[in-house]
Amino acid sequence: MTRLRTWLTSSDLAGIAVLALVIVVVLPLSLDIFRLNLVGKYLSYAFVAVGLVMLWGYGGILSLGQGVFFGLGGYAMAMFLKLEASDPESTKIQSTPGIPDFMDWNQLTQLPIWWEPFRHLPVALIAMLVVPAILAFIVGFAMFKRRVGGVYFAIITQAVALVLTVLIIGQQGYTGGVNGITDLKTMLGWDIRNDSAKYILYFATCALLIGAIFLCRWVQKTKLGTLLLAMRDKEDRVRFSGYDVANFKVFVFCLAAMLCGLGGALFVLQVGFMSASFVGIVPSIEMVIYAAVGGRMSLVGAVYGALLVNFGKTFFSESFPQLWLFLMAALFIGVVMAFPNGLAGLYNDYVKPRLLRKREPHSKPPEEQKPLPAASAHPPPVGWNPSVPRPRTDAKGVGPAAA
Amino acid sequence: MSNTDFVLAIEDLTVSFDGFKAIDNLNLYVDKGELRVIIGPNGAGKTTLLDLICGKTRASKGSIKFKNQEMTSLAEHRIVRSGIGRKFQTPSIYENLSVFKNLEVSFPRGRGVFGALKFKCTPEVKERIESVAGEIGLADQLETEAGLLSHGQKQWLEIGMLLMQEPELLMLDEPIAGMSVRERELTAELLERICRNRSMIVIEHDMEFVKKIAHKVTVMHQGKILAEGPMEKVQADPRVIDVYLGH
Amino acid sequence: MTAAEITNIVMMQGFAGLSLFSVLLLMGLGLAIIFGQMGVINMAHGEFMTIGAYTIFLCSSLTQSYAPGFMPYYFFFAIIAAFILAFAFGWLAEWALIRHLYRRPLDTLLATWGLSLGMQQAFRSTFGAKEVSPTVPDWLLGSWMPHEGLDIPINGMFVMGLTLLVTGGVFLMLYRSRWGLRVRATVANRTMANAIGINTRKTDRMTFAIGCGIAGVAGAAFTTIGSTGPTSGSLYIVDAFLVVTFGGAASLLGTVASAFGIAQTQSVSEFFMTGSMAKVLTLLLIISILMIRPQGLFAAKVRR
Amino acid sequence: MCRPAVSNFTSADPTVLARPLDRKENLMTRRNRPDTPDTEKEVLSPDALARRRIAMGLAAAPFAAAVPGLSFGADFPTAKVNTTGLAITDKEVTVGQLHSATGTMAISETGSIQAERLAIEQINAMGGVLGRQIKVIQEDGQSDWPTFAEKAKKLLVNDKVAAVFGCWTSASRKAVLPVFEKENGMLYYPTFYEGLEQSKNVIYTGQEATQQIIYGLDWVAKEKGAKSFFLIGSDYIWPRTSNKIARKHIENFQKSKVVGEEYYPLGHTNFNSLINKIKVAKPDCVYAIVVGGSNVAFYKQMKAAGITADKQLLLTISVTEDELLGIGGENCNGFYACMKYFQSLDNANNKKFVDAFKAKYGAKAVIGDVTQAAYLGPWLWKATVEKAGSFDIDKVAAASPGIEFKGAPEGYVKIHENHHLWSKARIGQIQTDGQFKMIAESSDLIEPNPFPKGYQ
């Protein structure tokens, strides 16, 4: 028991292991497939949140357009699935059989040339990662090289989200417009709608999510991760230490975008459709709140944040539809005003010290503790009193996001 | 004059902000192994000069040559990579990283995105960090969070971070500001030690300190060079006394 | 088509551009003060506009039931009421929320987004989900016809006049009043302003509240040309931000210029292509210009 | 966890109860419930049935006609009427309601929510469906299509509802359609829409495009002599498809001209450039399918630009009484709309409906075309279930064609084999008070034709 407690408090691997236990074992055992499918959907949002931890928490760059990348990844997958669902046999009622139904409604008589490659799964899989990355690269390169950051970057990403939404809706013959791409059925002949497929997709999502967390954790542990933290603190110092700061920002922006794309694709597989409503400004900002609730510095926290906010959304909109927006409002304001480090911050400030204190009677020598991804680089020694303010970035009155 | 023996050759350098000439047709030459101190009253353009050299501010006109290579059009990180290190006026360190990490980040390897991903803290790197930490007197503070250091230690840490890069030209902006007498002495010793195999430009106000370290002193006033030479000669210059020392 | 008709269309199209310009400017102005002068991102700006719009609706229904004879004149008083109400809510929001977040601009963004969600639901609970239509005085309806075939919308002229008035007022206040001096001093150097005895907290609150008040006036004016519903504010917010960012955050003149540029681009391109494509074109143009010139059209030149 | 959202209508609202039903009626319905004591349980004589019909009033009468010989005293054991495990007990049947109570679409969907509730209350007050009271689980789609799909799935999979009344936008319907087909549910969809769809699992109680468009176009051509048209729409599938049909009809059948076709993003609020384009094109008739908040801006700016009914003919299929609340009648009076229902329709069914609606939701409440169509849903479902003698989805779907509803506020409707309704088309002129004055109506019911030949 004691050893467990030690392990729980000392290693960030423990956090990942507990998360894995929750999503791979506890939730599937306690929920029916309908609810589990919902969790799977939330976990696909968690990819965005994990990306935002890297981008916003570590990189100090707030993007309000992550929905764009989520959408691009989702559309790449949806286009493939739609083409598979639109074989001439099942679309024979249309005036042009063999093309997606919405194209037929919009008087298209043949498949647009840029849809053709999406007949092949490998193309769709590559596009789901590469297209978001390319867009992120273009936007990021143009902005970061000119040192646009902070608020300006946030607003411009918002404008990008708006442009893409208007474009998708306006070009409905090619994109499905407001309705989106619906009625997706099979992937390479495998029916993605039945229960067994839902289970498989759920576990695949879990596996990929944990993989993504490990990837990000690895990046955090490399020099690049240290540099991101350093840049957030003193960007000029990093620049005058011989680093091209913009490149690192572009990298982390692309990384976050690819995670979004992956999340979008998994979303489409589990939910069975994609629409422009994920690309816009509102969902993009909502995605930021997942990371904020979980703790903008904590990868594991971001997943819990995504789960919690979405559970809340589902629960409250089922039970108290009128209250839901008020609650969401309180969540935004509360997380920013009272708990800037989110759930992970609460855990570090209240739960962990308690776990540590319980260990004291056993008078074990304090073990070398690895720094947690949370604000403080070094945990205080055993018996540390939580009421003593820890030196953090906030100590200067500047929050982690101020950089 | 195209090629010189100087480490740094600045010619006809001018920068103006909305018509105000912060640096006005300035010429400055720094030798190999020289420790040059720049003094001058507030607003003389000292910090701006360093900004110009390291690329933080772009020149309106003129040339800056480092080892006969033009610097004015290079990006900041390229200037640094060619061997110029710069310490800022207020200590500029990564407060929430440990001293070790601060130094590690400054190690001049793995500077590209993928280089940084591949970078490993090899024994060689570790050794170098430890030796620099010894040099700046922080050997037993390696695991301390940098934000917890005293003001003077922060200044040293920043110098140490520059040393990690092994620059050929080191520029320090008021390195002893806010230091105690004892710390000032230690810093003077440190600067003397590290200047053995490189050139340095130091901006400083403390005349005692300047006397102690300077090889040559440049006095700036209103964006121009007022006087240049050994400390004693400069101190005797009536114009200098008039604008600066006399106050 | 005769030459006279073409002249008419060109004139009306020119007016359409000007009218969109004044709409954008009126939207952006309050935001420009708050964002430009304080660096605070107020995502609830649109909702403060909605407060103004609902104030007009309330005033119109009250006047209609209690003083029908007063209908032709109520609009002026309603606009003032809209300003006061939005001002008061702005004051409250600053006190409760914004002042704790001045050093964290990105966090204000999230907090005010939360605020906007809450306000939307509050509107919905109070006024219902359906859109409402205040009864606008008769003299504001219809068009002014100098000669046959040329119709100049009266509400457009009204909004234009109001914009002129508000813009003039803001310039006057910012550059001629004590408050303006304090605001400019605080923007330039907060610590110093504090040191010389300017109550920067009070100045901030005043600035924020005035920005919100102007949003309220904008919302009030837009009831004559658009819709009033719980979510109508969110339609404007991105446009408003783009106007301010594109103009250069710290410059009011920039806001004016960018509102003009965006309005003309959109209005002209709308005439020659479909509305959706015109919108995309305008936005892409703004984004690409911002990428080349991230500081916006008019940036304050500061020695950095 | 859904408790607060669930409304159980077993104790019906007394105000509703009192008006359409007399005391005797109450007695009879109570007797028909299987759970009531058997004291009065006897087979009704034909005479008694006839009396009951009269007493019931118009709202209930058609069902007796639609289901001839149905004995209300007969037993419908749950095991027999529910073979597929729907949420049905001896006393209750659970249905779902799926609309946006929050978000941008709440503006439009509120009316539908209210109308469906009203119908369900009235049905419950009459004794329910097959002797079972209707229990409603309401879900909020939040104006968000994926949420609609999620909630639809919840209603069908978790709550096992016997039918769902809901959706408004095409997008939300498209999002839930695969769910209804996969999980085999029954959706009653109230909105007039673009057509090109037909499903075993959906009953479309609103008009598909041709039912609304062609009559209106013919009317303006014949009565107003319109020869050139300017088509305007919000940029999504319904306006685009509707305008496509309109264009084909104008060009191929009327041999007239389309002089302009324009689309603006949803939520667009600046129409001055568009209005100038209209002025340049000088069409005989403007054909407008603008929706939501844009609607308000469009008509206000039209009025401000001097385009009023005395100078310009305008026909719309997207403005109902609900929209007029926001636009204000004074901004568009004199323009025409083509719908199947107006609140001002002068018939006994409608009077009763409007009275009941206002009694429940306040005197200021207005009823638009879609609200009325939503009201039809529960009644049609009840009739279908009673004809099928079962709640099973497959049986209800199979029994649907041919179901009539004579108590419809719009008059008389009948379900077509393609699951759409036969209904009339009407032209109304907008009045300053926000109501329509009916100018013309089609002489016969118009056949629904979701896949019209020659229009695709």
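Letters A, B, C and D mark the chains in the order given here, with residues in each chain numbered from 1 onward.
Keep this in mind: a contact is a pair of C-beta atoms (placed from the backbone, for glycine too) under 8 Å apart; a residue touches a chain by one contact, two chains touch by 3 or more.
Quick caveat: nothing in here was measured; it's all calculated off a predicted structure.
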item: Graph separation of subunit A and subunit C (steps between touching chains); value: 1
item: Comparison of C-D and A-B by number of C-beta pairs in contact, larger one; value: C-D
item: Mean-CA-position distance for subunit D and subunit A (Å); value: 40
item: Inter-chain centre distance, subunit B versus subunit D - centres from mean C-alpha coordinates, in Å; value: 78
item: Mean-CA-position distance for subunit B and subunit A (Å); value: 42
item: For subunit B, residues contacting two or more additional chains; value: 56
item: Overlap residues in subunit C, where contacts from two or more other chains coincide; value: 121, 124, 274, 276, 279
item: Where subunit A touches two or more other chains at once, by residue number; value: 166, 169-170, 322, 324-325
item: Residue ranges of subunit B touching subunit A (in the complex, touch as defined); value: 54, 56, 75-77, 80-81, 85-86, 88, 92-98, 101, 104-106, 108, 110-113, 116-119, 143, 145, 147-148, 158, 161, 165
item: Residue numbers on subunit A that touch subunit D, as the complex places them; value: 32, 34, 37-38, 41, 93, 95, 102, 105-107, 166, 169-170, 172, 177-180, 182-185, 193, 271-273, 275, 277-278, 314-315, 317-322, 324-325
item: Subunit C residues within the subunit D interface of the complex; value: 1, 8-9, 12-13, 15-16, 19-20, 23, 121, 124, 128-133, 135-136, 141-143, 145, 151, 153-156, 222, 224-232, 235, 266-268, 270-271, 274-276, 278-279
item: Of subunit D, residues touching subunit C in the complex; value: 101-104, 106-107, 110, 235, 262-265, 267-270, 272-277, 279-280, 293-297, 300-301, 303-308, 322, 325-328, 330-331
item: Residues of subunit A defined as touching subunit B within the complex; value: 219, 222-224, 226-227, 229-230, 233-234, 236-245, 247-248, 250-251, 375-378, 391-393, 395-396
